[in-house]
Structures are given as structure tokens and as C-alpha cells.
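Letters A, B, C and D mark the chains as written, and numbering starts fresh at 1 in each.
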């Protein structure tokens, strides 16, 4: 009997990755079938679900064996063995380990923070959990078909989440309605996925014509190493991937969906949007583009690097003159994702591990910022930095954490952003001095707009109209403190993440 | 000595505790930081003793072949990124104990302790008393880390953290618009310099493959690195140093930084943090000396800064700002000294200046505390109101003016000697001018507020508590006595120069001719000041009117702030606005909305072929058939 | 002597006339009639092909004739249905001009 | 070699169906007014019975009957099942609509049954005359059904347009057939393909004949440039009939087209190569025109009609690549058709429910539906997301499968355009979803008076569940379809 329970545990252990994806999706399905409950109870239920997924993601992250490396928690079942031959494959790599952890954290935060959703609670949590499940799926898939399926699944709920629960803003000279933001986000992301889709089909066709039709990463990688994909083929397919995935990471000039999406989105959705959704693109470039199409990667990386540096500088400069808190953070995300792209474009292990670390760090940081901005907006009903001022007087908790997040964003050592950016700089300077110099300059520009933001809204004399606003509620406090502690923890002890990231990067490097 | 890492850690813990529970124990919030720093001082003293006694036979200690000093290194791995063994970056948490780090760390701990004691009195009525102490603790933690770190990455970490503390403390009274602007300015300007520092560190890594300082110096020493690279690396590092040490043209932040509480100015913006730039150059000295051009640049920047700031100091009417310019001037002097191969002199001056300037700032804090004003023209005759402060302030000021036997005298003399020996006559004469100017502004700052006739009613002046005067007294004692280590350094063969040196120990020797010349110049400047401010000679008043233009330029700080402001207002912000507009109009409305709009338009145009008339449909079908037929024929023929 | 080709030409002409009628007439009934012409062209083709080729190759049975009969039948049904529908619309709109049948367009 | 048999029992489903239709017509005379829904329920029960009959009598059979005129094989079996199921679902969603909006309810169901009969015959015919007659049987029923709303001018107009267009295209089809006949001397697929393949220098008359036949079929599918009737007819027809047109008729037409292409065109390789290009061009035009115009529509049914044109283009792209990779294409085509059917039912059933009482037709009139009738809104939303090709729903999987097989056939660019077209379609689907979920309910249209009875509810739930289940667990279905494709791979 002992053996039985052991093997049961083993079984459970092996399908952990599957459980992580299935749990939120199943919960969403159950919510749909369940009789109508109050919004609060849906919130409670989905919070419980997200606590569990958080637990599982921590478990997966902790149990990823950095000594063995490779893909762990593999889980493969045949899905279609006729025709185009697809299997449902999951696996945890060194890189996805930290990404899964990121999503676990941000999803939990987003759920907890969304307790004030009154309108159509059920629909909101169904969509939120679907989004979370989709993101987990992307990070865990070891099969191109399912990777793409989950990728689209993660994009799907965004439209309704923004359009129904979002907010429209009038900026005087122009307006950004929630419908516009949602529609643009959806259309741009799906347009980008057109390119990815074409790329995936092209890869599949190559393998099919070769007589080994497959979507599995491992298999594709092996085929790629055997030289199945010619240089010309790799060049154009990688370009598709680069732009397609790049758009999701806010690649210039296809980035405007992101700030406008933020401006329209409700807090929890903004967190997931900036925190994890934008990471999917970079993850795709690193985990798929580089591994399967290394030659194409080598061809296009200079372009990606240049575009990345444009992202960095352009995003920072744009953020400087924005007046809306969410715009500022949105453009700052564009700028920071530029670092990720640059890091990936270095094609050396330091740059890529920096990029992955930056993905994690930016995810946490920007989620934290959106929690706080959401809290401010919720209370003051404006995000205009010319209207808000001296908030630290009335909302000390929110503001102190905002300052922490801001400093993480400008790359203050001791917070996670610094190590990540620093590693990216190191990776870049091996390639080009001037790009590295511009990247460092970009970090200094970040300081300009973050400090401007702090000086305008957080410190200074306080307006009487803002003087009796309440501080963060208990959930906001919990979430923001937790996120800030992650920032500090990773900043002080980056080896926490870097150990597994290094292993993942080693796998990628061996493909090059 | 191997427990030195505890000093920053204890302070950091104090920071965390105080920031978490500080508000609950508001008036007692100083306890933990104070405890931490006392413990730190204890550890430091033990370590120092251990170092002085047994540095030659400890396991971790060895003599650096480049600097010749004995350094003790302790490190653990921090993180590794990339593929281990192949293409990776390893980073260590390591500290090094050598005379340089011991000196700077000692200065930091000691002054910090004094300032913290002083602050108990000075800050006691502030509602953010606890916050003040917790940031102080963080500052000490990071400052010690800065002084001790053995690699550039860790140094950069600490470098930024002290910048953060400076930011937080300048903006301590953040309700004041000036304070928040000053904080922003300080951080932004130093951050610009840090761009250089960071790129420099990256280049170092590219060249050396490690961040470790001694690795770099070994490679530099063995001549493996091209001179151009050395020049660029040292230049980039120097950019960081310029930012932190407020060297021209990055000096603009320091005067504004005086918006912070006065004890903060004393600790951070006079004694320790601003000296970090000098410390960095001294740290990387093996690198700098390899590049003659860089050394000249360092001297020039130092000289320009020193003279420019000294001139402004001569006309500044705000006591703290005047002191700030004096600080800039002295930092310039240190840079000048470093550039003139006066390594030991610069560090000695760093220490002497640190103690003296801390004393001066605390003195100005006393004035602030009692009469709540800093405009020296509205003071006068303070000596009768604040007698103790007057004496202490005079000690500090005279020390910096270079009056013999006080610590400033020894260090300044040492600096001048190295300038005269290693640089040409222009530098020598300029440094004499500098001596004159510093004597002049110091005597001005003594005469105008403290002596002469009172310009206001002092009846409401607050009394000074003992807790504020006591640390000043201690500092004054140090200021008086400290300079003697120039002649005899305990634990070292002889003078400070045999303890802290570059490449080979050298004894301090008083060069009587130079000493006499500087002394004469200083006294001359005193006399000059006496004539102007006490006797009020009309000839000077006339001169003042005639040289109106020049004085105005100097009073307005050469319009450099305005220039920067114009640059930001007329160039950077409009450019940013333009980019944002470009982003919205072109990238978004045309680039992203455009295709959607085009699709819609095309859709609404082609929909018109569905006219609703059957015969049109049928005609359409027939035409379609014919068109397809033509295409088909084309395909067949081709 | 009449060849198959002559019948074919006749059929093409008839088909073309029908096509012209379909495109040019505005009355629904005339359009239906024109379509009937086209169907008759089809019938001619079938009958002629079956008659002239009888015995060659696959032309061994009476397929062509049968086809024709079927087509005539179906065409009759079609016309009946069409006329019924036209009647229906005539009751509602009092016109059979197809120009007026454009409530739905674009 | 497929054996020939004279076993008329193989046609049992068709006999039963014809009988059922007669019974339904007759029952209409018996069942009193006010209980007419029992006519429909009778038809449903009959069809369910027919489903069993079909499974028991022709499953696994592979034989020619009637002198090679009909082929009872797995292909026709699968499609018969589909047609019957579509018929059942259509009748179920019709019930309330018919009761509220149409007179003479009984014949409605009878005609639907006859249409199914037409489809069944069409799919198993191996000869053009049989095919033509079946097609006309189907079409006649549809002409009547489209115009069934007697007093609705739109319905009348739609019927008139449909019948004129339909007879016109029949004439063209027949003319083409007569030309082919005059060369070949037979109307059997195998004879025609044999002659075409044998003659090296292709006879222009035969080529033109084939072209006209293809055009006739193209009209039924509604590919550009023969698409003009679709929006008007879809809009004017009663909503359940629109659903039937968009789902049943379309599947039948494509199944027929595939059969013709496989039976007639593929053996004549040279001819087919030329045709591939033509069809590809037409497919591109169909996808772009359909989706492009759908963007600017304001009426729901018209928007869906154009969207249906777009889907025809996608399906036609799959037909284009037939030949080179037969098996996988047929598999994906079949899978696509089934997926498209269940998805469309999710949309159309809910739209029928919304329109049966209020007669709303504008997209903006659906505002507030999600608050008042969440199930209907969810059904439409899921269906539209699925049609747009978003995952978890069958739309994603079928598109992925179909596009992959198009690309495997060497037409990656066509697949790319198809993906792009589905991007365009997402835009107008989202507009519809926005109307339902985001916009606040207008005061004029209130959906609260809609009553969703069990037949409708069943269809909605079944189609939602099928949309999801077929999307994430397609293996059994694909295996079934795979059996068909095995028939065509030598």
C-alpha cells in the first residue's frame, strides 16, 4: 500500500504542470456552470484558486532541479495522432520556472486586488482565470501548437476585461475610450499572432515534407540541429516570429496598444497585462525563436537590438511628457521591455539571462505600480499628475511603496531591476559599446520621469480636495507589500532566480 | 576585521526596524540606529586595531603589488549569471580592508555618530523623527559598504544607495516645493554622472572579466590594457566621481541640497557622501595614474571647480549655501591634488575637511536652531548669543582656512606641495589664489554672522541643548588634533604617508617655504576680509559698485543653473513632448489606426457592388465568369 | 445537310438570347422566361448530341433524351415556383419590376 | 474496386426520410391549430429515428447502387449524419420562431425534411443528372423556406432573388453539362474523368463545359464573383432558415464540390493544375470581399452573411490544395465543416431566440443582451470567438488544422491570407460582442420578454458544449473523418 501511495504521489508530481494550467481553466468553467453567486463570493473562490496556483507555481519553481537542468515535469499525451500529429506536451525549463513563478505571483495579486469588482463578478473572474490559465499554458507548453493555443487564449479575455470593466479617459485634446483601448489591444495582438501563426505553419510544413511532422519543441530542435531548416527559411520565419512576438513585448513601432490598453484597463487586468502578458512575447522569442531558428536569430538580432534600444529611449522620452499616471507607467513598460528585447538580441548567455531576469523583475515591479496607481485612481478618481499632489500625506502606504517601485524601475541597486538591467548591459557591451551606452543612458532617463512623477504627485504640498482620502485597504496592503518584498528579495539575492535561469539559458545557448 | 561586513548589516537591520516600528516609538526612534552605529564603531575600532597590529601576518591580507599597501579581502559569491564556466558573469559580495577604506569608513562612522547624537537635539520636534533616523541608518550602511567594497559592482550598488539616501534626506521636508525639487535635481544630476560610472564598470568587465578591483589593477599594472582603453575607463569612472563630488559641470545639485536638515548636510553633503567621488578616484588610482591625460583632466576639473565655487562662496549670503560652495571648492581641491599625484594629501584633506566641515555645518545648524534664519546679512553679533557655537565654528573655519596646527593646515599644505611639485606654474599660482579665496570666505563667514553689530533682535533665540553642543565639541577636538597624524600615524612607521600611500610610503615633510607662503596669503586674506567687513573701507565699496557686473555673474552662479534650466525647458521637455505627439499622431493614429481605417474604407467602398438589383447581380456573375475565363486563359497560355 | 455543329450553334444562340434577356429585362416574369430559353438551349444540346452520336463510344443509351425530359420537368416546376413567388410579391408590392426589389442592399 | 450492388436496402435512409416527410405533411392536416409545434417535434423524433436507421443500415458500407449512379460509402455516411443532425437542430431552433412569425407551420418542417433528402442524395450521387435533381430538390425547398414569411417584403424579395439567381445558375450548370455530355456521352463522374484524363489535347468544349459546371456549383457555395445573392437572401430569410442556409446548405455544397473535384477533376491532372490557380484567386477574393464588407455592416444577419462568404473562401482554399495531399485536406475540410456547423449553431440559435419576438436586426439592438439574457449573449460570444479562430473553442483548432493542410499542399501564402482574413473577421465579431457586453441597453429594445424554451436551450447548450469539447478533444471526430480520407488516398 505504501508503494501505491508513493506512486500516486509520483503521478501527482508528474502532472503538476498540467494541474497548474487546468485548475484556473476548470475553475472558470465551473464558475460558468455554477448558479449565480454574489461578486464577493466569486472573488473569494477565485482568490482561493489563485492561492493554490500560486502554491503550485512556487512548488514547481522550488522543485526545478538546477543540477539536472533541461525540461522537467514533462507531461505528454497524444492529442491527435492522425494527420497533422499533435501531442499535448508540457514541461518546465529553467526559464519557464521563473516565469511560472511570476505568473503565480501576479495572478494572485490581481485576484486579491479585484475585490471591488461589483459589476458582473462572475464574468470577470471567469475571464481573469482564463487569462491566468492561458499564461501558465504558454510558459509550460513544450509543443508549438499548444504554445500558440495558450498564447491566443491569454489574449482572448483581454477584450472583454478591458471593454467591460475598464474606464475611458478624456485627455482634453483627445480621448481614449475603453472600447478603443480594448479593440486596439486585441486587434494588434491578434494581428501579431497572424505572423506567428504563419511562422508556426511554415515550420510544421517543413517538418511534414521532411516526413517527420511534429510540433514538439524537442523534436523541432533536434531537426533544426540536423539542418532541416535552411538559412533562407530561418531568416523569413524568424522575422515573422520576431515581429509577431515582439509586438506583444511592445516592440517599437507597434507598442501603442500597450499604454492605451493600460489607460483603459482595470487594475487587476493592468497588472496581468504588463506583468505577464507582455512577457509572453519575449518568452516566445527566447524559447522558440532562438532555439528553433538559431541562424535566423543571428541574422535578425542586430535589427532587434536596434529596435530594442529605440524602445528604451523612445519609451523613456515619451513617458517624460505624459501627464497620466498610467500612461507614464505604460510607456515605462515599453521602455523596460526594450531592455528585454536587447537582452534577448545579444544572443549571449549573460544578456539572455539578464533578459529573463528583467522579465521577472519588470513583471513584479509594474504589477506593483499598477496596484498603487489603481488604488490612487480608485480614491482620487483621476490619474492626472497635475491634479494629484502631496499624496504621501494622505496615503503614506501607497506612496512609500510607489516610491519603492519607482526606484526599482529606475534601476536602483538592491531592487531587482538593477541586476537585470546590469546583466543586459553586460551582455550588450560584448556586442556593441554604443548600444550599451545608450541603454545605460536610457536607465538615467528613467530616473528623470520617475522622479518627476514622484515630485509632482507624491511629495509636495497637498491639495485640500485630496486631503481626506483613505490609505490602502488591507488587500492592497498585502499585495503591494508582498510584491515589494519580492523586488527586494530578488534585488538582494538574485541567485534565487538566476540559478534556474542559468540552466535554462544554457539549454538555449547550446542551440546556437 | 573579518566581521566588518557586520557594520553595514547591523545598520541595515536598524534601518528596517526603525522604518517598520519607528512611528510607534517616535521619540525613541534614535535608539536602534544609534545602537547600530555604536556597535559599528566598536567593530571598526577592533578591526582597525587588528589591522594596525597584525596586518602583515593575517591569512587574507597581502601587499598589493600596485599600491604597495596591505589589503585584506574577504568575499562570498553573490550571483552568477549565464552559463557557468563558459560565458558567465560572477559577482561577489566582498570587502577589502586597507588604509584607504579604513580611513574613509572611519570618517563616515565617526562623523555619523556625532551627527546622530547631535540630531537627537536638532530634530526632536520633527514629526518624521523616526524616518530621519531610519534613513540615516540606511545611509551609514551603504556608505560603509561603499568604503569597504572590493569590487566595482558592489561599489556601484553602494554608490547608488547613498545617492538614494541623499535623495530621501534632501527631500526630507517634502512638503516644501524647494526641497522636493532639490532632491529631484540631486538625484538626476548624479545619475547622469553615474551613466559614465556604469559604462566604465561595464568596460572594466569587458577588459578584465571581473569586477574585482585588484584584478583590474594587476592587469593595468602589467600593461595588458591599451592606453586608450585605460583613458576611457578612467574618464568614465571620473564622470561618476564628478557627479557625486559635485565637480563642474555637475556641481549644481549640491547647493540646492542644503534644503535638507542641517545635520544631513553635515554628514552627507559635506563629510562623507560627496567625498565618495574623491574616494572613487583614489580607489581607482592605479588606473588613473596610467593615463597622463586623465590626470591632467582631473586636475583641471578640480581646479576650475575649486576656484569657481570659492568665488561664489565669497558672495553667498546664505550661510549653508556658502558652506556648500566651500565644500565644492574643497572637493575640487582634493581632485586637483589627486590629479597632481597628491594621493595621500587628497585623502588627508578629505578627512580633515570632513571633520571640519561637519563641525561647520553643525554650527550653522545651531544658528538655524536658535534663530531660524540663515541669511548672514541678517545676523551679526551672534557671538554674544551663541558663544559656544562661535568658538566651535571658528575652529572649523580656521582649520579649513589653513591656520597652522589645526588639521586643515597640515592637509592643505600637503596638497599645495604636491601641486607645486607636480604641476606647472599656472596650477601653482591658481592654488595660491585658491588659498587666498578660501581664507577670505572663511573669515567672511566668521566675521559677518558672529561679530560686528547685531542686525536683528535675538531675544527669541532658542537655547541650545547639551546634546547638540557635545558632539560638536568632540568634533572640534578631533579637528584640532587630527592633523597631527600627518606627522605621526599610530600603527604605521611614521606619518600618515607611511600608512596610506600610493606605490611607496613617503613621510610627510613640512616644506617651510610653501607653508610660509600659504600662511602669508591666508593671513592676507584675513586682513582683506577684516578691512571689508569690519572696517568697511569705502574703497572696497566703490570697487564693489564698479565690478557690479562680475559680482552679479558670480552671485548668480555664472548662470549655470539657468543655462541648465533653459536646456531642460527649451530642449529636453519640448523634445519629449514632440516625441509623445509623434507617438500619438503618427505611430498610433496613422500607423496603428490607419490600416484599420483603410480596411473599413475599402469595405465601405466595395460594398457598393451589392446594389440590391437582381440583374446587376446576374451581370456581376456573368462578368465574373468572363474575368475568371480570361485569367484561366492567361494561366493556360503562360 | 444538318450537322451536330448547327444544332450547337442554335443552342449557343438561344442561350445567348436567354442570357441577354436575363440581364436586360426588368420584369421578373420576363427574366424567368429568359431563363427558360437558356434551359431550352440546354435541351437542344442534349438531344442533338444524343441523336448524332448515337452508337459512338459511350453514347450507347438514351441518356441525352432522358436528361432532356428531366430538365423539362424540373424547369416547369421551377417556373411554377417562381411564378408563385412573383405572385406573392406582386400582392405585397403591386409590381414585378425588379428595380423595386431593393429593400436589401449594400 | 468498389462492388456494385442492387441492394436497395442501402437506400433505406432516403426511403425513410421521404416517408417521414410525407408523414409530417400529413400530420399537419391532423394536428389542430395551436398544437402545431408537435409537427416539428414529430419531425425531430423521426429524424432521431432516421439517425439510428442510417447508422444501422449504411455504416461501414461501401457500395455502388442504381447502376453506379449512387455511391453509398463512408463519405456519404458521415455527411448524412451531419445533415440529419443539422436538420434536427434547425427544427429545434425553429419552433418558437415558426410559431410566432410564420403561417402554415406544418409544411415548414416537411420542406426541411425534403431539403435533407436532397442533400443526402446529392452527397451520394456519382452522376451529374442525379446530382442536379437532388440539388434542385434541395434548392426548391430552400426557395420556399426563404420566402416562407409570406407577408414580410424582405422575405419575398429574398426568395425572388434566390430563385432567379438559382435557376440562372442551374441553366449555366446544365449548359456546361450538355457540353460535357456532347463530348463524353455520359454524365457519370468516372466516365467524364476517364475521358478528360485520357485525351491529351484537351477539348475546349469539354473544358468550357467543366468550367460552367464549376460555376454552377460556385454559385451554390457563394464564392466571389457568384456571392451577390448571399447577403440579401440571408438577410431576408426567416432566421432559422438563414441558419440552415449558412450551415446545412453550405456543408452540402462543399461536400458536393469536394466530391466533384475528387471524382472528376483530380484524375485530369493538367486540367486541375490550371483550376487550382483559378480557385485560389477566387478564394482570396472571397475571403477579402466577404470579411471586408462584413466590417461595415450594421445588421446582424447581413454581417453573418458576409462572414459566411469569408468562410466559404477559407473552405475553398482547402479545396484548392486537393490532390497533392488528399487525405489530410479532406480530413481538415471535414473537421472544419463540422466545427463550423456547431459554432454557427451557437451563434444562430441564440440570434434566432433574440429575434423571434422582437424582430431586432441591428447590431446595436443587441446592447444589454448580456445583462438581460446572459445565456444567449454567452452563446453568441462563444460562437463568434470560435468563428474568429480563438482557442479553447473549436474555431481555433479547425482553422489551425485547415491552414496547416493548405500550407502542406504548397499554398502557404494562401494560408497566410486566410489567417489575415480571420484577423479582419475578429474586428466585426468584436463589434458585435461589444454591443452585447459593453454597451448599455437601449430603451427601445428590451430583451426581457424573450422566453428560451427547452428545444432552444438544448440546441444552445449542445452547441456551446460541442464548440468547446470539439476544440479541446477532437480526436474521436477526427478519427471518424480520417476514415473518409482513407477512401481517397490510394
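Quick note on the criterion: contacts are C-beta pairs under 8 Å (C-beta built on N, C-alpha and C of every residue); 3 or more make two chains touch, one makes a residue touch a chain.
Fair warning: this is a prediction, and the values are worked out from it, not measured in the lab.
At the centre of the protein atoms shown, by the Cα-centroid criterion, sits A.
The chain with its CA mean position farthest from that of chain D is B. Of the two interfaces, B-D and A-D, the higher number of touching C-beta pairs belongs to A-D. Centre-to-centre separation between chain B and chain D, using Cα means, comes to 77 Å.
With each centre defined as the average position of its C-alpha atoms, the distance from chain A to chain C rounds to 65 Å.
Chain centres here are Cα averages; for chain A and chain D they lie 42 Å apart.
Work out the mean CA point of chain C and of chain D, and you get 26 Å between them.
Residue positions of chain D touching 2 or more other chains: 160-161, 164, 168, 172, 231-232, 427.
Counting partner chains per residue, chain A shows two or more touched chains at residues 187.
Shown for chain B are the residues that touch two or more other chains, namely 596, 607, 610, 612, 614, 618. Contact annotation for chain pairs lists A-B, A-D, B-C, B-D, C-D, with touch applied as defined.
Of all residues in chain D, those touching chain B in their complex are 160-161, 164-165, 168-169, 172, 211, 215, 219, 224-226, 228-229, 231-232, 274-275, 277-278, 281-282, 289, 292-296, 424, 427. The touching residues of chain B, counted against chain C in their complex, run 607-608, 610-615, 618-619, 622. Interface residues of chain D, counted against chain C in their complex, comprise 129, 132-133, 136, 140, 143-144, 147, 150-151, 153-154, 156-161, 163-164, 167-168, 170-172, 174-175, 177-179, 181-182, 184-187, 191, 195, 231-232, 235-236, 302. Across the complex, chain D is touched by residues 25, 32, 79-84, 120, 123, 130, 145, 148-150, 152-153, 155-156, 159-160, 163-164, 178-179, 182-183, 186-187, 190-191, 194, 197-198, 201-202, 204-205, 208-209 of chain A.
If you check the complex, the residues on chain A that touch chain B are 174, 184, 187-188, 252-257, 260, 314, 317-318, 320-322, 348-350, 353-354, 357, 390, 392-393, 407, 410, 412-414, 418-419, 422-423, 425-426, 429-430, 433, 436-437, 440-441, 443-444, 447-448, 451-452, 454-455, 458-462, 493-495, 498, 501-502, 505-506, 509.
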